[in-house]
Every structure is written in C-alpha cells, then in structure tokens.
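Presented sequentially are two complexes of chain A, the first with chain B as partner and the second with chain C.
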Partner chain A sequence: MAHITIEGLGYRYPDAAEETLSDVTLDVPAGEAHALLGASGAGKSTMLALLSGLLRPSRGRVLFDGQDVTPLAARHRNVAQVFQFPVLYDGMNVLKNLTFPLTQRGFTKEAALQRARHIAERLEISELLLRKANDLSLFQKQLVAVGRAIVRPDVALVLLDEPLTAVQPSTKTHLRHVLKEVQRDLHVTMIYVTHDQTEALTFATAISVMANGGLLQTAAAETLYNEPAHEIVAHFVGDPGMNLLDAEVRGGQVYLGEDALGPMSLTDGPVRLGFRAEWVALDAAHGLPGKVLRRRDAGTRQGAVVGVADVSVVGQTIRAAYHGPIGELPRVSVRRFVGFRGGIRVA
Partner chain B sequence: MSPENNRAWLGVLPVVLVVAFSGVVPLMTVVNYSVQDILDVHTRFFVGFDWYRETLRDPRFADALLRQVAFSLTVLAIELPLGILVARAIPKGRAFTPLLLVLIALPLLIPWNVVGTIWQIFARGDIGLLGVTLNAVGLEFNYTQNPLHAWLTVVAMDVWHWTSLVVLLAFAGLSSIPAAYYQAAELDNASAWQTFRHVELPKLRGVLIIAVLLRLMDSLMIYTEPFVLTGGGPGNTTTFLSQYLATMAVGQFDLGPAAAFSVIYFLVILLLCWLFYSSVVKRDA
Partner chain C sequence: MRSSRLAPWILGGYCLYLLLPLYWLLSMALRRNEDIVGRFEIVPAAPTLANFAEIFSNPVWYQGFANSLTYVALNTLISMAVAIPAAYAFSRYRFLGDRQLFFWLLTNRMAPPAVFLLPFFQLYSSIGLFDTPLAVALAHCLFTVPLAVWILEGFMSSVPRTVDEMARLDGHRFGFFFFRIFLPIIRGGLGVTVFFCFMFSWVELLLARTLTGSETKPIAVVMTRTVSASGLDWGVLAAAGVLTVIPGALVVWFVRRSLVRGFALGRV
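And now, the complex of A and B:
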C-alpha cells in the first residue's frame, strides 16, 4: 500500500489531435479508498492505464511512496487490477488463481498457499478453492478476481475498473460491501473508477470528479455535494443535480430577472447560480412567485431529499424538495446558493 | 395426435431425404456389397463376414493402416503448433491484416490435385525449385526413389496445404480474447510462455478441438495429393488407406472386399475421432 502522487499527468493517444488526459495532479494517501468519478469518455480508463503502467504518459510523473515509477513497466510496479468483467485464468482452479500472483513474485509455495487461504477466508470463498474458475458464477468469479488483486500483501495499489458492471444488481451491494470492508481491514490503497456516483460515494473517502480529460475536483462526498468546484461537478453529483440558473449580480445582490434572491459578494455581472433542490424553500413568507408543475420521485440519496418537484419560477424551471400537491402557488426562496463564472465556482 | 402435429413432419422431410440419399443409402449399399461375392450383375453369393476377415488378415491393409495413422499423427504434430505459432505472429487489427489472412489462406483454395501437381514439380530433382536446391547443397534428394524423401515430401505438402486452416481457426480464437486478460497476466508478472499457457491456450481450447478433429478426419482420408505426387511409391511406402482401397475397388473391381474395407476404414476414422473427442470431453467433466 503506497502513497500515490500524480504530477501534471498528460496523455495523448498516437494519431490523436488532442490529449485524452491533460494536466492531472492528484495525491492519494497510503491506504485510502479513492474514487475516480466521471461520465464515459472522461479519461478515467486512460488514467487507470497510466497508473498501472500499461500506458506511458506523454507528460508528467507518477510516484509511489515518493519514488518515480513513470518509466517502470506494468509488471514492475506491483499494481493489481480488477476489471469490468471477471478476469481469471480459466484453466486453473480458484486456489491456483490466488497463488499465481504470489509465486510469480518470489513467494514460496507454502507462503503463497497460506496467504491465498487467508484471503479466501476473508472473502468467504474457501469452499470454492478447488473449483475450476470457469465453473463459477459471475459474482463468484468477480470475488475471486478481487481476491487475486488483494492477495499480494505488499501490493502498492489496487485499481478497480467499474468492478460491479458485470455483476447482477442483486449481488452488487454485497460485492460493494465486501470491497469496502477488505479495503478498510487491509489498508490497501485503492482507486475505484466508476460513472456511478452511488458506488463512488459509498466506497470512497475521497472522490475525484473527472470530465473531458481533466480533474475537476478532489474532495470528500460532502464537500462535492455542497461546495462543487465546477459547474460540471454541481450538475453531475447528486440526484437530482444542482439547479443551475443564469442570474446577475448587482451591488452585492444576486438577481433572478428583476427579483433579488439574496446577497452574493461578487463584482457586478452575470453569474451562473447553483443550488440544491433541498436548499429551496417553498411556502416561505416572502420570495418569488412560483408554481408547482409536476412531482418526481427522486429517492433518498444525499441530503435526504424525498420528494422533488419541478417548480416554475420567473419563467425558469427548477427542482425543489417538495411534498405538497401540484399547482399550488407558493412563494419560493432559496436559502443557500453558490455562483459559477466560466464554469468555476467563485462564490 | 392431432393432424397439425403430424403435418410438422413434412418440415423435417427435406433433411431426412438429403441425409438418406447422401449418407444412409450409399452406406447401406456398401454394407450390402461387403457381405456378398459379386461375380457379375446376376451372379452373387452371400458370404457373411468373409471379406471382413480377409481384409483384417491382409498384411497390406495393416501396413497401410499403420502408415495412415503415422501420417495423421505426424502432420497433426506439425500443423497444430505451427498454426498456433503463425496465428500468434499475425498482428491484430492492422490495415493489412485481412490481406495477410487471405494470402495465408491461399493454399486452401487450390484444388487438391493441383496441390499434388505443384509439389510433384516443385520437388523434382531435375527441374523443381526445391529438388534442385536440395541437390545443389549435396543432399541427393529424390522422392521417387528414396522412401524417406517421399515421406518428407508428402508431409511437407500436407503441412503447406493445411496449416492455413489451423492458422485461421487459431487466429479467430486469439482475436476473441479481451485485452484485459493479457493486462492481468502482465500485472501478475507472467512470462510470455505463462501467458500463452494460462491465458491463450485455455481460450483457444474450443477452436483447437475443432482444428484437431477436422485435420484428423481429413488426413485420415487423404487421397488425391499423394496419388498425384508419388502414386503411393516408391514401392508402397506412401500408399495410404484410401489409395489402397481405390486400387482394390477401381483397379481390380473387387467390390466385395473393397466394400468390407470401406466399412472398416469408416469405423477406424469414427473410432479415432470418437477416442479423441471423448477424451477431451471427459477431461472437461
């Protein structure tokens, strides 16, 4: 378990005009569960390949415990990976699959067997040890793949590339819990790539949000939710994402059309206003006139938003936490908001 | 049973007819011949299993069978590893890859008697490129006189003719292995051999079983190419089962013994393929 430092990392695929990944700097402390969150095409997989050493960066450095591993080939980095679908050696039984990464790195057969049995016990797959990898269910296979990744006691970094993709929905939660638990117990540095924010938020202590080949923000889930550094983060994180409206700052007050919403310490000019559904107060004593258009069921994600409604306010539609009936004409006020200029949060 | 159900049999009828006329009827005709001594169209005697006994006691049959099995095992032992080796060397997903595959497959498109003719000329000591070259380096190569040279030439011809099939099958198998398997092996610090042994070979298993079955069956039935190349000589040293059978049936018109021979020949091929297949399947279970 190493401390991972990424400095100004950039990668351009051969024949590509632009960099797929540009200027990524990131620090992952030893033993941390870190998530890379982003839509497909954000550069997450490229980032993984650069970390594992399957790709060489065009620019920048990767350091494990302060040691520059950029020039090292994948096999010399002592990195393990769990892929989107279970990758096992079909011809071997589960035990052999688990000992192989160890014996390949100089562990004696006895030490490898002991460690493999220990890991199998931890993952509750001991009864599968003598089964052929090919005969297992997808879920069991992926468990074994996780076992293979964490079986090396000195592994520097474990990469997880959307490891729940192939697993049935009913077993996803189980596998996620197992991952989280072994990560905590074994203090393995893990980087978990996903486009699913629920997976990222439940697994990781720190989350990096990626978009368009760049890293937008690295923070704990709470911070990402309440203080997104970038418009894309505001929109991407949370369900529903932040309301983003065009507003204007005049004399320290932010205006939506002709109506003032509250103070904002910014120079005069246009601003992109962001606020969560639950930061909206309907039925306030004063505020803007509004109309509830329709109700949506948003579930119970972050911030315990239970009911969400589309609300029309000065010609724009926003989402607000709401439990009442449709068509009422409440007064709408926004308790809290953030402001973006050029995509970056400025207030 | 309702009429609707009965009418469904009509759907199967074409297949039944085709199988009957292509397989069952000819086979039963042969079985019919094999238990009779046919002197002419009107004079025939039932002889039971006499022809079978005679064939099995015939030392030339035993020799031909031994040669046949030796030949099949030899070409399999060469074509399979060579085919895999070539398939691994073909770069995946390049612009020229399809062209390369077509070029490699060319021998498969050549009519079998032409393959024999090509090698018959290619290996000749007086005008053939191969024969002349070998003679020039002092090997005194002559496949019409020297049994070993004849064997080597027949084997070389078969390897040239059929390795492409193994290459194509193996390449298809290799192309279907996701890159993640190679990446996992790399992260495990697996050597090139281990990657082949533990990643590629298990994934190729299915196509290789097909390759072995096809090559086993085909090589056991080989006729045209050695017939054109060596005519079974020198002596009988490259006379394989089918050629001996043809001599008997067409050359001497011994229909009864030839039919018994055919049935035994058929059973030998069936047995060998079944032995191979069942041993493979049993290991799976």
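And now, the complex of A and C:
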C-alpha cells in the first residue's frame, strides 16, 4: 500500500513520431481506489505499463512512498496486475496459483497457505481452491486473478486493466462489488483502468479522465459531472454527456444567436457553452422558442434524469430532461451553464 | 438408415486393411524360414521366438538398434535445445527480418534430403565426423530444427503475452519464468515436437546410410544387408521390423493427447 506520485511522465514508443503519453502528473494517496477513465487509445494501458515497470518512461518520474522507482524493473516494484482476460497458471490448482507468488517471495509454506485461504474466504472462492485453473468459468478465473493480485500482503499497488471486459454482464455488478469491498477492507492502493464510466464512478473515490495521451482532470465523480475542467470531460462523463453549443459573450451576457441566456463573467468573444440535460427547463412562460423532436427514456442516472428529449432551439439540437409529448413548442431556459474556451473551462 | 448399418463394416474393413501388413509382419517374425516360404498360414502353426533371440544375441543386430537410437536421441536433444529458444524469440520479439527468417527456415524442407547427401558426405569426411552418430544427428538437424521451430512457435504464440508480464510483476527472474512456468504450460507442444523430431530421424534412411560406415551402421541399413549365402533370412528380418515399430509406437502413446492439439494448430 504505497502512496503513488507521478511527475511529468511521458512515453514515446520506439517507432512513433509523437508521444503516446505526455506530461502526466498525478497523486494517488495510499489506500485509494483510483480510476483512469478514457476512450480506447487515450494512453491508459501505456500508463499502466509505466506504473508496473513493463515500460520505461521517456520522461518524468514514478515514486512509491516518495522513493523513486523509475529505474526499477517490474519484478522489483512489487506491483500486481489483473488483466483484461484472466491470466492464471494453467495446470496448477487455484490454491497453488494463490500461494505461488508468496512462496516465491520467501513466505513459509504454512504462512502462504494461511494467507491464501484468508484471501479465498474474502473473495468467496474457498470451495474452488482444489479445482484446476483451466476448469473454472471466466468469472471464477477473474476472481482468482484478483485473489492472486492481492494475496501479497505487502503489495505496493494493484493495477486493474479493464477487469470486467471478459465477465458476463450479469456477474459484472457482483465482481465490481467484491472488488470495491476488498479494496476498502484491505486498504490496497488500486488503479482501475476502464472506458466505462459507470464502472469508474461506482468503484473509485477519485477519477482521472484521460484523452489523447494527457490527463485532463482528476476529481471526485460529482465534481467531474458538475464542473468538468475540459470540454472532453464534459462530453465524456454522464449519460447523456453535456450539451455543448457555440455561443457568444457580449457585455457580460451570453448569447445564443440573438437571444440572451444569462450572465457570464467573461470578456467579449465566442465561447463554448456547456450544460447538462437536467439544467434545462422547458416551460411555456419564458425563454427561447424550441421544438421537441424526439424523446427517449434514459433510466435513472446521476442527477436522476428519467426522460430525455432532443430539442431544437435556435437552429441547434440540445438534450433536455423532458417527460411530455413530442412536437411541443416549449420555451427553453437554461438554469445553469459553464463556458469553455480552447477546450478549457473558463466560466 | 442403410448408411448407419454399413458404416461399421466400412470402418472395420479399413482397420483390417491398415492392420494386415502389421499383422503379417508379426506372424512372419514368429515363424521359421521353412514355414514362411513353405506354406500359407494365417495363424502361425508352430510359433517360435527364435528370431527375436537371434537379434538379441547377435551384436550386428542389437548394435544396429543401439546405433540408431543414439543418433536419434542426439538429434532430438540438439533440435529441442536449439528450437526452444528460437521459437520463443520468433513468438515474443520483433526483430529485423523476423518474418522472412521464419519462412526461410522452411526452405530447407522444400528440397529432398538427397540434395544434401554430397555436401554432407564430403564435409564430414574432411573433418573426421564421418561414421559417427553425431554426423547423422547433425545432418538430420537440418530438417528437424526448422520443423521444431515451426511447431513450437505455434504453441508458444497460443500462450498470451500477459502470462510473461504477470510473471515479471510477480517478481520472477526470466530463467525461473521460462523453465518453471512457461515450458510447463506448453508441455503438450514439447511432446509433439519431440515426436516429430524422433520420427523423422528414426525413419530417415538415405542420409543415415550414406554418413555411416561399419562402426555406426543404423538398424534400417542392417536390415537391407541380411542377404546371405543361404538366401534371405525372412524370419529375423521380420522380427527386426517388429522391433523397429516399437519405439515409434511408444512415443505416439506418450504424446497422443497433445498430438491432436498439434494437428489442430495446423503447424504439423
């Protein structure tokens, strides 16, 4: 359980022209459940490989508890990883798979057995201990892989690389729950890589959003949702993502076309306006003229959006919380909004 | 309905067809020369083990078996020792010209072994390797090493790279990972490869005959030289034939499970 510090980390693959990962700085306190959220190709897996030591960074440093581990090879870092598809040593039974990392590190046989049984109990796989690894279902295998990762009591950091990809949807929730519980009880520093925001939001206390090899924002789920630091975060987090419209600031007021929406303390000029579907009010009394085009039921989500409609307003389509019929001509007003310039939130 | 009643007969007939020569060999090995040439018997009327006794007591015969087994074992050992690291490199690393080299390995197999007879003979004679088991083993390696690399690469590539990565994260040295984790995972593939190296070397006659003299005559050669003044010694020849089948059959028995996998991989 180490405190992880990443300073100005950059990585360029040998034949690549540009850096896959550039200038990433991040701080993960000991015992934190941290998520790296991003679309595929954002640099998440490269980041994991740099943390585990499978790759050497081109620039920057990685520190575990203040100690620089950048020059250390993977096997000296004491990091464990759960891969996308469960990796176990086939041919060994589950118990052997769990004790193997321990006995190889100088644990006595009894101590290793005791620890393995304790972890198995914790993950509710005690009855699988004597089964062969290749006979297990994918879900069970992944549970054992998680067990392998946390079985070393002194493990500095556990990395999870999209661990739920191979698992059936019906058991995903269960495995996520087990992971979260184990993480909390054993105070293991975990970094969880995913492109699924539901997974990230439910697992982690802090989430880092990555895109194009850079870190855009690190914050708690609520902050990411309400105060995204970057346009990409606004668009990526939440279902539906934020509405993003081109608007203009004139004299402290933000205008959508010719209509003023509300005050915004920015210098005059174009601005990218962002607002959540549930920050929009559709009623006949005042606001901009709009038309309801489509409606879909999005289910309950963050902020409890139940019905979402596509609404046409001054030539653009936005998404708004809505339960009424299609084709209505309501007035649209936005209660709250944020503004981006050059991708960065400025208001 | 009709086809299902016919099927066992077709299958049975085919098995009979396959086993008949083998059975005839065995039956000949159990009869005396006079009975073999004298009359037609389906079941030996007076079975005898004299032919086998002759082989186990005559040094020309059992020396032949020993010679063959020596160079076959040597060949299998060298092939595996060379092919395992090579196949691992092909499966795990990218290097300049790796694809081309991998295919080039097979080009040796595109020429009949006879092509290499003359160069081998001349080369070995001039460096004093002629008429040693090592000469035959090395000559056979030219064919078995590419084959072994080709087969092993398939098995190794079917092991996900993440296994290597996990072993590194677990803190294992490369040597430990390779011998204690990786090779046990592909032990089926190792079995198949051993089988193919063994079989190639065991049944190959041309190179083995040319590169050996009186000292290291292989069994197959001994068998072709049993014409004596009293004519052909049918019974002993048949007994030697039976004994020749046994090592191959034993190896097949031990690797039969992985053999199916090897064939399924399409590399064999």
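As a working rule, the second predicted complex is superposed on the first by the 346 of 347 C-alpha atoms of A that agree within 3 Å, B and C clash if a C-alpha of one lies under 4 Å from a C-alpha of the other, contacts with A are read in each partner's own complex, and residues count from 1 in each chain.
In this section, a contact is a pair of C-beta atoms (placed from the backbone, for glycine too) under 8 Å apart; a residue touches a chain by one contact, two chains touch by 3 or more.
In this text the structure is predicted, and so the values were computed from the model without any measurement.
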### Query
Clash or fit: chain B and chain C on chain A?
clash
### Query
Touching A:89 in the superposition: chain B (first), chain C (second), both, neither?
both
### Query
Is A:80 in contact with chain B, with chain C, with both, or with neither (first, second, both, neither)?
both
### Task
Check whether A:105 is in contact with chain B, with chain C, with both or with neither, and answer first, second, both or neither.
both
### Query
Can you pull the chain A residues that chain B and chain C both touch?
52, 54, 73-75, 79-81, 83, 85, 87, 89-91, 100-101, 104-105
### Message
Which residues of chain A touch chain C once you look at their complex with the stated criterion?
### Response
52-54, 73-81, 83, 85, 87, 89-91, 100-101, 104-105
### Query
In the complex formed with chain B, which residues of chain A make contact?
52, 54, 73-75, 79-81, 83-85, 87, 89-92, 100-101, 104-105, 134, 148
### Summary
Given the complex, residues on chain C that touch chain A span 160, 162-163, 165-166, 168-173, 176, 181, 184-185
### Task
Going by the contact rule at the top, pick out the chain B residues touching chain A in the complex.
178, 180-181, 183-184, 186-190, 194, 198-199, 201-203
